[in-house]
Each structure stands twice: as C-alpha cells, then as structure tokens.
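As written, the chain order gives the labels A, B, C and D, with residue 1 at the start of each chain.
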Amino acid sequence: MGGNSFGTLFTVTTFGESHGAALGCVVDGCPAGLPLGVEDIARELRRRRPGGGGASTTRMEADEPELLSGVFEGKTLGTPIAIMVRNTAQRSGDYDALRDVYRPGHGDWTWEAKYGFRDHRGGGRSSGRETLGRVAAGAVAKVFLGEYGIVIQAWTSSAGGIDVPGPEDPAFDLDEAEKNPLRIPHRLCAQLIMEKIAQLRGEGDSAGGTVSCLVTGMPPGLGEPVFGKLDARLGAALLSIGAVKAVEFGAGFSSAYAQGSMHNDQPIADHEERAYRLPPGVPALGFKTNRAGGILGGISTGMPLEFKVAFKPVPSVAKEQQTVDQGGSLRELVIQGRHDVCIVGRAIPVVEAMAALVLADGLLLNRGARLQA
Amino acid sequence: MGGNSFGTLFTVTTFGESHGAALGCVVDGCPAGLPLGVEDIARELRRRRPGGGGASTTRMEADEPELLSGVFEGKTLGTPIAIMVRNTAQRSGDYDALRDVYRPGHGDWTWEAKYGFRDHRGGGRSSGRETLGRVAAGAVAKVFLGEYGIVIQAWTSSAGGIDVPGPEDPAFDLDEAEKNPLRIPHRLCAQLIMEKIAQLRGEGDSAGGTVSCLVTGMPPGLGEPVFGKLDARLGAALLSIGAVKAVEFGAGFSSAYAQGSMHNDQPIADHEERAYRLPPGVPALGFKTNRAGGILGGISTGMPLEFKVAFKPVPSVAKEQQTVDQGGSLRELVIQGRHDVCIVGRAIPVVEAMAALVLADGLLLNRGARLQA
Amino acid sequence: MGGNSFGTLFTVTTFGESHGAALGCVVDGCPAGLPLGVEDIARELRRRRPGGGGASTTRMEADEPELLSGVFEGKTLGTPIAIMVRNTAQRSGDYDALRDVYRPGHGDWTWEAKYGFRDHRGGGRSSGRETLGRVAAGAVAKVFLGEYGIVIQAWTSSAGGIDVPGPEDPAFDLDEAEKNPLRIPHRLCAQLIMEKIAQLRGEGDSAGGTVSCLVTGMPPGLGEPVFGKLDARLGAALLSIGAVKAVEFGAGFSSAYAQGSMHNDQPIADHEERAYRLPPGVPALGFKTNRAGGILGGISTGMPLEFKVAFKPVPSVAKEQQTVDQGGSLRELVIQGRHDVCIVGRAIPVVEAMAALVLADGLLLNRGARLQA
Amino acid sequence: MGGNSFGTLFTVTTFGESHGAALGCVVDGCPAGLPLGVEDIARELRRRRPGGGGASTTRMEADEPELLSGVFEGKTLGTPIAIMVRNTAQRSGDYDALRDVYRPGHGDWTWEAKYGFRDHRGGGRSSGRETLGRVAAGAVAKVFLGEYGIVIQAWTSSAGGIDVPGPEDPAFDLDEAEKNPLRIPHRLCAQLIMEKIAQLRGEGDSAGGTVSCLVTGMPPGLGEPVFGKLDARLGAALLSIGAVKAVEFGAGFSSAYAQGSMHNDQPIADHEERAYRLPPGVPALGFKTNRAGGILGGISTGMPLEFKVAFKPVPSVAKEQQTVDQGGSLRELVIQGRHDVCIVGRAIPVVEAMAALVLADGLLLNRGARLQA
C-alpha cells in the first residue's frame, strides 16, 4: 500500500497537488447504511478554510466538495466514497521564483532527493492543501463514529509561545474555540495570542503551537495489541500531518518523571449505563484518574482519549533567509505569496479527522476480536 | 494484517506469551545475500536481558535464540527468517494471585474487555517479554542497515526524574552507556540515578524515564510522503512499545514555542563524499542545524535522525494499591514477583530495534520511488 | 485494505457506480519521472467502449478521462494519479422495474445479503462500468511496463461456442483483432462468430467466451514465492473481473493429464542480448517449450507469459426468466435496457489492464529481492 | 506485506525450508475464545503425510506440530498462534548432485535469477514441504469455520489421465476417499488409477491430476466486491500452491461455451431454517442449480462453493532429462531421491487449508459490511 493510503478496514486514499486540477479522497470500507450527505463533508471543509484575524493565508478557495460515488438515496452503499474538491484560486505564477530554489523548513529538496523532481507550485503534494482529502475522509469517519456516540474535539492549547489553560480552568470554553480563527477555547488567551500573531505578521515571522484533543464516548476494547496499539496508530496518524513534530498521550512526557505508585490510575467499579456491552464475565470498570489518556496496553479503557501534538512554526516567513539553489549555489530568499502565520487553528479539523479515521478503523477491527462479532 | 505484524516490505510478525512455550518472530522481506548468523541476534538479545545494579527483574532467562529458517550457508535466502526463544524460567505460580484481579497501570482489564479472557501469567502477551521478538527482528534489520553504513544508537536521557546532559556536554560518552545497567552515557549521572533507583526499590516504588536516539549514516530520500512519512512510521513503531507515552523528533515540543525565522534549518551546499547517490540534477545539500531531527516533509534529509521517547514508570510496584477484581469488588493489591524498577535501560535495544525495522522498510520502499531503482 | 484496492507497491483504488456521478481510480506508487499524458489513458478507455457489429450495448458514453493529479509537466510526480470519468448517458429510468427484483446471474441479491441494500440502477457498483477505473489504471501500468519493453496483448480465443485457432495457425493475426468488435485475431472465425452473435441477439440470448493473453519482453525473477506467486497474483487479478469463472496458465487444465517426462520444459542456454541483467554467477537460460506459461515456482522464467480466462455468458438476456422479488415471491422477468450479447471483445482491455497492474507491482516488488536493488 | 503472508484479518505467515531446522506458521487474527488443541493441527498434518500404495515419497517425517503460543487453557487468546514442525529426516546429501544444476519443471533457476542464490537441498523453500505451514494454519481456520457450520471437503477428481465421476455418480463416496492414498472417492477408479501410478513409477515417470472441492454450510454475503471477490481470493489461494496451473469455479471453462438463458441459475424462495441471519428486508433465497459454483458478483450465494484445480505432473522424474548447469553448459540429469509420482492425494489437505484460510478471512471481513456487525 502506497504512502497515500491509511487504515486497514476503514481506509482512505488521498490525492491532489496544491495547484493541480483537484484534490480529494476515496474512502473504502465505510459500512453500508450510514446516512451521509455532501453537507456533512462541506461543513468540515469549511472549518479548515482560512479564518480571519490575520493568522491565515489570504488564498480563498470555495473548497466545495463533490460526492462522486458510494452514496445512494442518502445512505452509504458499502462501496468507495470518492470526494473531489477542485482547485480554482491557483496563482501558480506566485511560485515561479521558487522553481529552482529550496525553501528552508520545507520538503522541497528532500522531495527532489527522493523523486528526482517536484511540482514547485505551492509545495505541490507536500502543501497543506493535501489535508483537504484528509478532512473530507475524516468527515465521513465522524458521521460513522457519531452512530456510536463517539465525539472528537480538538482545540489550540498553545500558540505564539503562549499556553492556554486546560479544561480544569473555569474560563476554558470549547464553544469559544469555534468563534476565533485560532480556535482558542479561552477568550482572554485568544486575545493575547491574536495580538502576538499580528506582531509576528508585522515582523514577517511565524509561530508554532500545540493542539490538544479529547475523545468522549469511547468504548473499551479499541486498539490491536503489539504493533497495532491504539496509541501507535493515533501517533502515526498525527505525525503524518505536516509540521507535527511531537505527540503525547495522557500525562505524556511528564510521566517519564513520575513514580509508579503515584502515576497508576486506580480502577473503580463503574455503575453508569453505557452504550456498549462488555463480554460475559467482565465487570464494568472506570478509573479515578486518566493519566493514561484513555489507553492501557494499547487498548482503549473507556475513559476519554487525551492527546496533544506540537506544530512547528510555519516555515514560509517573509523575512529574508539564506538557502541553496538547484545549481548548488547560495541564495538569498524572500518568500512571496499567501501564507499562514500560525497554522494551528486550521489544523484542528485535520487533527480531528486523523483521530476519526483511526477510531473508525479501530471500531471495525475490533469486530474481529472474539468468536461472536 | 493483524496487529502483530509490522512493515510493508521488510516485515516482522512476532509471537509468544510471557509464560507460554516460546516467543519469537518471523522476518519476511529481508533481501537475499545478507551475511547473517545466530550470534548477530544473540548479541542484541543479551542487551535486553536484565542488568545488574538493582534496576531490573531477577527473572533470569538464557534467552538463547534459535534460527529456524531463512539462512543458508551464512547468508539470507530471501525467505522468511524465523527466530525462536524458549521460555525456561517461568514461575507461573507467582501469578496465581493475579488471576482474577486487574493490576493498575496494566492492560489486564482492557485485554478482557476486548477478548473476553486473558493469560494472566506475567501479563501474557502484553508482557515486556513480547519485545524479545522485536529485538530479534531488529537485529536482522540492523545487519541490513549496516550494509549501507546506517548506525542506530539510543541511550537513557532521563530516569528517576534526573535528566542526563546530551551530546553537547563534554562528559557525554556513549561507550559509558553500555557499561551501566541503565545505559546512561554519563558517569556521574549514572551514579546519581542508580542511587535514586535503589531508593525507589527500597520504597517499593518505580520510575519512568526517557530514551533518546541518534541515527547516523542516513541517506536522504527515505520516507513515503503523506501517511507514510518517516516520522509517522517511526512514531507508530515507538508508540507501539509498551509504556511509551510520548515521542518527539528534533526540537519536538519546543518547536511549538519557536518562530519560523529562527527555527528553520538553513540549507548549505554539501561537499563531503557520501555513500549514496542523488538523482541526476539534484545538488548535494546539508543543513547548518538539525532542529528538524533529520526529516523534512516526512522524508529524510541525510542529517542524523534525532528523536526521543518517554516511558511511564513501571506499573508493577510493591506498594499496596487499590483496584477492582473480576467480581467487580474493591481489592487491596500487593504485587509479588520479579519486576523492574526502571525499564529504560533494557528498553534501549527495543527502541533501536523498532527504528531499525522502520529504516530497513524505508530503504526498500524507497527503491520504488523513481523509474530506475 | 478494502476490496476496492489492488496491489502492494503499484496500487490502484477504483470507485464509482454505473449510474452515479463519476467513476475512476487513484493509482498510488507509480514511480516518478514516467512520461504520461491523458491521451495514454483515453486510448485504452476507447478500446473498452462498445463496438459496432451488434455484440455490444448501445449505451454510448464518451468516457473521456480527466487527469486530476499526479502528473506535472508531462511526467509522473510519484504522487497519486487520480483519474475520473463522468457518467453522462445514464437512463436510470430503464432500471425502475428492477428495483425490487433479483436478476438471475447477477449479484443483486448477494449484494443485499451482504450490505442490506443496493443501488439497483445498472447494477450499481457491480456493473461492468466499474472496469473503467481498472482500464484507466492499467493504462498507466502499461506505460510503465513499456519503459522495460514489456508488452501485453490479449485476444478473443473463443466466443459463442466457436474456438479461434491460436498463434500456431497461419491465419492468426493480432492486427486483425483490433479491427473487429469482438477482437478475434482470425478473419474467418470473426465472421462466423459475428453471425452466431447476431443469431443469439435475435433470439434474445447471450454468449460466453474465452480470452487468451500473451506477455512478451518478460524479465525473469518477477513474482514473490509462496503466497505472492506471479500466477497467484495474476489469478486473483483475472478472477476479480466480473463474469470470469476460470483461469489457466500455460498448459493449464491439460497439464493435469500429462506425464512429467513429457511436460517439463527443457532448459537451454540463452545467447540472446536481453534488456535485463541477471545476478552475478547466474547463467542466461531459455526453454525449448513453454508449457509452464512463463512461470516456474511462482517466478517468471523470462519466456512469454501465457494465460487464458473463461467468461460466462452475459446474464442479462431478453428472454423471459423466472426469479424472486424482494417480497420473496416468484416473478416473471423480461430484462429491458441496453446490454451486450457477448462481452469478451470489450473485456480484452480489462484483462490486459489487470495483467499490467500485477506486472507493474511485480517489477517494483522485485527491486527488494537482493541486497543491491 | 511479503510473499509469505496471506489474508487481511485472519492472516498466516509461513516459514521454513525443506532441509532447514524447522517449518511452521504464525496465525494472526484468529478470534479469541476458540477451543483449540495441538491435536486439531496434528490431525490435518497427518493427512498430508506420504501415504502408502506407491504414489508418494518414502521420506517419512513424524511431522509432529508444536503449539508455541496463542492458546491458553484450551482456548485461543486472540494472540498469534505459532506452530512449528521440526525437520528430522533430512538426507541433504541426496541433493549434492543438484547443487549446480537446474532441474526441469522446478523453480531452481528462477529462484537464482531472482535472489542470486538458493538452498538446493530438496528445493529449499520451494519444496512441497512448505505446505506444512499452510496445512497447520488451515487446521486452525477449519476449527474456526466449524463454529459456523462451514465444512470443506476436497477429493481427487482426476489422476494419471483418468477422470473420476462426480457426486452425481452413485458410486461416488467421500468416505472412500480417505481410505486410499490418492483420496479418490470411488473404489473402482481408485484401483484403476493406482495401477496407472504403479506403471508410471516403473517407467520412472510421474502424473498430474485434478482436485475438486465442495464447501457446505456457506452463509451468503462472504466476499468483498471488485478486487476482493471471493473467487478472486480463492483463486489466489489455490494458484499459490506449487504445481497448480488452473482453477475454475462452478461450470468454469464450460461456461464460456454456454448461452445466458440456459446458464443462469434460477433464484427460488428458500424456506429452510438457516444458521445465519439476513439483513432486515432481505428475503431468504436459494437457486435451482449451482452453475455459479456458489458465488455471484464475487459474493457467496449460500449455495455450496464448488471449484476445481489442476496439478501439473511432478517434475522430478527418474527418467534421464537434459538441462543446463550453473556454468551454462548442457547436462544430462537423472534425479535421485525420494519423490512422489502423483501429488494430488497429498495436495488435498493443502487445497482445503487454503480454502479454509480464505473463508475464515472472509467471515471476519464481512463483519464490517454493515453499520451493525
């Protein structure tokens, strides 16, 4: 399976270059009978479009998805769901100056070292526009997960060097996150960070940030032990997003500094009504804390999944940089074009999409765990 | 492909429970003609055996590998390489008390929630002994990578809450690492940390830690873009190791707090002699810094790979803990048996093995990148 | 991987229903640098369009492919190649009568038994139009194979109950095959068979047939032993074409009636100049005969590949049939609509496409066989 | 995935050379909770051992399987099931004369053309002994299928040029098949064929044959449309058996000569009690005939699966043959050693094993077809 497909049973293959004719995806393995419409996909794609407020590129694409196959009379057929988004606002000329020069922090040269040549227009396939296919596929996965009560929600937990307090803070408000372009769930922090972003834009610079994610409604039992652990598959999914340089689950890096007696989450009997059923003879169980981030031994515990990813700063800065050209000579480079200053706000639907794809796949894989499905 | 296989072309399938008859692996896809002997595997398995100094379990297994297939007259045949290690020092009786109780921090209950029942003896398949198969397979991958000059070296960069200075420190010494059981490349730190571990053992507690890894001799071009990015595959490999809760590449989480102008690694012309050849028309290139950790756009840059993983503390502590049993009742638990206090020293060959498997696979996958291999 | 993808390294995923918005494919893993244009694909698609002469459906679609991604400045980028063909001549109303009835010989009911419902319009995804995506992908594979001198050519070797003499017959002429709609490489037979087809059309009946295929320019060494044998992969590819009920290689079924001493192909020294190179120490070798059909031990011998497939008669006949409807009641059925009487002529590009996909994949997989690519 | 693994969810990886230390397999993805013992595997392995009556090799191996993992207290754990059989009766010296010569009809030279060298002892990995791992894995699959009432039974339908009448013949008796070494379900035919085999042995020659197979208790709905059709996966499985040159389903090649009106199987209402449940709204359905061999549109119909495979004659004949050696020179060859004259009797458990693996995988894949498992 090539590098452009993901998943074992609920699979997605994405295609498209930033300035080619179209981008999109084919979702294969989505069970039949799922209510699905083009609006389910369009809604998620709108969430990844550039927002206002100065953090984002000014390239404005409609990004209207077209549902080419796999749905009949409002329900999935069990056949491949192909979704296409046409590119319309290409200004390829913007990139002529970049044809023979390697932008720092981008994959321009590694791409050539691998393939011998590259599409230099907007990064070609290595562009952030590649995530359109992911978000479209993730939208399908989200609808599927919704049938089982699983909800994925990500937010900006740090940007421009400023940390945002977490759910334990009284001012933390996920509704707020969808109101500001950086998706910061905290009104005051949002203001501070937007100011910082504006300043960086003025300086021709850019910022990184972190995205945190919470998945509720998780059934226990998802994840395949050993190499197919749920955290391993989520890790692969998240690190496959361009610009992500780190990922952690639950207590993450801080767990390396903890002691076992204080780090273990204590199991407790669970008396709540649940949407899932356990195998006969297995008692319902919860945990007093969730330092494990909802995963033990690579298998979901039924507690919320919690993970965090780090995005490096956008490498396309307006400041002059030094680099090398195709002839091997030193070059001064000032990048033109329409670029984001901080990508994390727009990356949130991408993070959610990747998590959704892993979980949809995990749900289907789990159907094979026992003698009776 | 089930959760016990890893890799696309250079693949491994592992098998075995902690207290079953045997553990091992089958490596499929290793190219023919590679010089390989059982000692190549035995040497790596010895590295993951419990060391002295009080950090490790006192279960002592010979862990002598048997090479069942795939090698003829000292060279790989291109056929599956099966390697088996018999279990000999099982003391299953130690675990009778754990048959109907869920240990905190372990996958006991999640395993039952998934499969309906479990092998309670030493964690069964979720035991750390499962990594025997990984290390054996990784040993084969290391020999393969050695043919191309690629060298993987990991070390303990933090344990028991104490950080170890990195390669930039004059006292950093990788030879030292193989001399102490926790594989700390710094004599003074090793002493301090061993004292801390001894103290924790006395208290019936345990510690986490971090492992850092450096891969030198990297050719550029490894990694498949989009979902098959080199960091995504490494991330999956590393997060599939039990107890790993986080992974970062290059500047990792700190990159989320950086600005683009200062974070980008500056490309420079490369005039050194290299073991690999670039496609025609592509200039040789290096980088002034390596904040990217050797990967740009999911593809290796030719700079050393740098990554770090966090291990949570060993969950089996001697201190009394509260948990739930199979009947759903509260239980006081004191774990008996032979357990590690801090696993990171023994985890180092496992980290190296997983990296080796990803890179061996990446080397083979890369042969398909261009028209001419 | 879902049922709509094929291949390990050179992979294709197809999508689309007969009367949906579009059909197409995504080819992932095609090496970079291959000269490719939309005309390469259009040409093959024209070969599978309905021909004249009364054997084919009268549904006339332009079937103009659109190349959505993966090609830049006339060469493949190494990224997914997405190809789309819009449906334009749907007359879905033709199928209203079939909404609640199961056509004999079709997958209508099995589809419902599996998925719970189906797209009844023209068979939905189980329509022969699904092969559009295969032929488009196969066109890419053919261009790739062409770089290595590998040529695939299939023809109708039997139709309407009449066998066509093979290449040993002086009147056998592959140029002739492309001149008649059933692709019969023999002028006299073509005439006889077309008469038979006309007669069957008059009777409201249909015919089966066989397709034979020859692949020249084969290098030795393609095919992965054991489960990935070249014949096993070709067999899967060919049997995945709707209506194919049998496949044989070389002497095929007749070999079951032979004796070893007369069946073995005698190896002989090969002194011809070849496009491929053998590993050091391995002599060039040919065979006096080719009863093996070009494959020994699952690996190509370098002799031409020879195989034959059987197509059952088109199940949509105009004659009245008895069947069952969704209510479980007996129904008299007369199928309306535009149907082929004999599919084999149009199936030939599909057979070639599937063979091309297997061989392209085999070429890439073979790059991993030895230490040096 | 390397060429030595098979299956998507219920997977097997086999290993071992004919004269290496051991052969075996790892089955991954077998659901937890299945009652399984080593005797289930031993029984099937005994069925593939050489029989009496002169048709088989005189190499007598005990072929006692060892169950290394995956089973605890008599039930599968959901973890990999590793099974090993040691080689004990190697007489590698028998093969010294074959070290530098290519046997006609074997993969000796193709193996070298691919890998650069080979294990010449008994064909190494390309030996028929490789099927030990398949039969062991198939035994596990059979036990799994047994839970659902699916029964696979194959028999010799032709050998030594003599056809055996099918189930429609009153003298056809499957119990008889297990009583004679060639597994011929017809006493008189068995006698005739054994005489023919004895004669061929006397002449230093060998014979081919066909194996037919019937699978009863099939639920409808198995098989993934398009590339994953049930017949495509069975075809790949069967053609991956060494010496198989052809496969057909139901009416097979004869369907190419039929007319649609007479070939379609007529659907009829089904009023029998079944072990499986259909989706709501889908009526129970049977067929008056089974020319389709139990598969329509790549999906099982619920009728018995019927297929047939052709085995070429054993290539190792005692008669003198001409061939080429490693130096490229002509060589007269008389093959020594212990060889079968006709393999079909021993191939029957292999055919059954491959079918069992495909169906076990198909059962698990089918759990993902609809919203509710």
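Keep this in mind: contacts are C-beta pairs under 8 Å (C-beta built on N, C-alpha and C of every residue); 3 or more make two chains touch, one makes a residue touch a chain.
Nothing here was measured: the structure is a model prediction, and the numbers come from that model.
Where touching is counted per the definition, the chains common to chain B and chain C are A, D. Steps from chain A to chain C, minimised over paths through touching chains, total 1.
Comparing the centres of all chains, each the average of its CA atoms, the largest separation from chain D belongs to A.
Chain A and chain D have Cα centroids lying 45 Å from one another. Each chain gets one centre point, the mean of its Cα atoms, and the points for chain C and chain D are 26 Å apart. Centre-to-centre separation between chain B and chain D, using Cα means, comes to 39 Å.
Residue positions 1-5, 8-9, 14, 29, 32-33, 78-79, 114-117, 125, 225, 365, 369-370 of chain B each touch two or more of the other chains. By the touch criterion given at the top, residues 8-10, 29, 31-34, 78-79, 147, 225, 364-365, 367-371, 373 of chain C touch chain B in their complex.
Those residues of chain D lying in contact with chain B across their complex are 1-5, 8-9, 11, 13-17, 20-24, 26, 28-29, 32-33, 66-70, 72, 75, 77-82, 84, 114-119, 124-125. Put simply, chain B touches chain A in their complex at residues 1-6, 8, 14, 102, 104-117, 125-126, 130, 158, 161, 200, 204-210, 220-221, 223-229, 231-240, 242, 244-253, 255-261, 263-269, 278-285, 292-293, 295-302, 310-317, 319, 321-324, 326-330, 365-366, 369-370.
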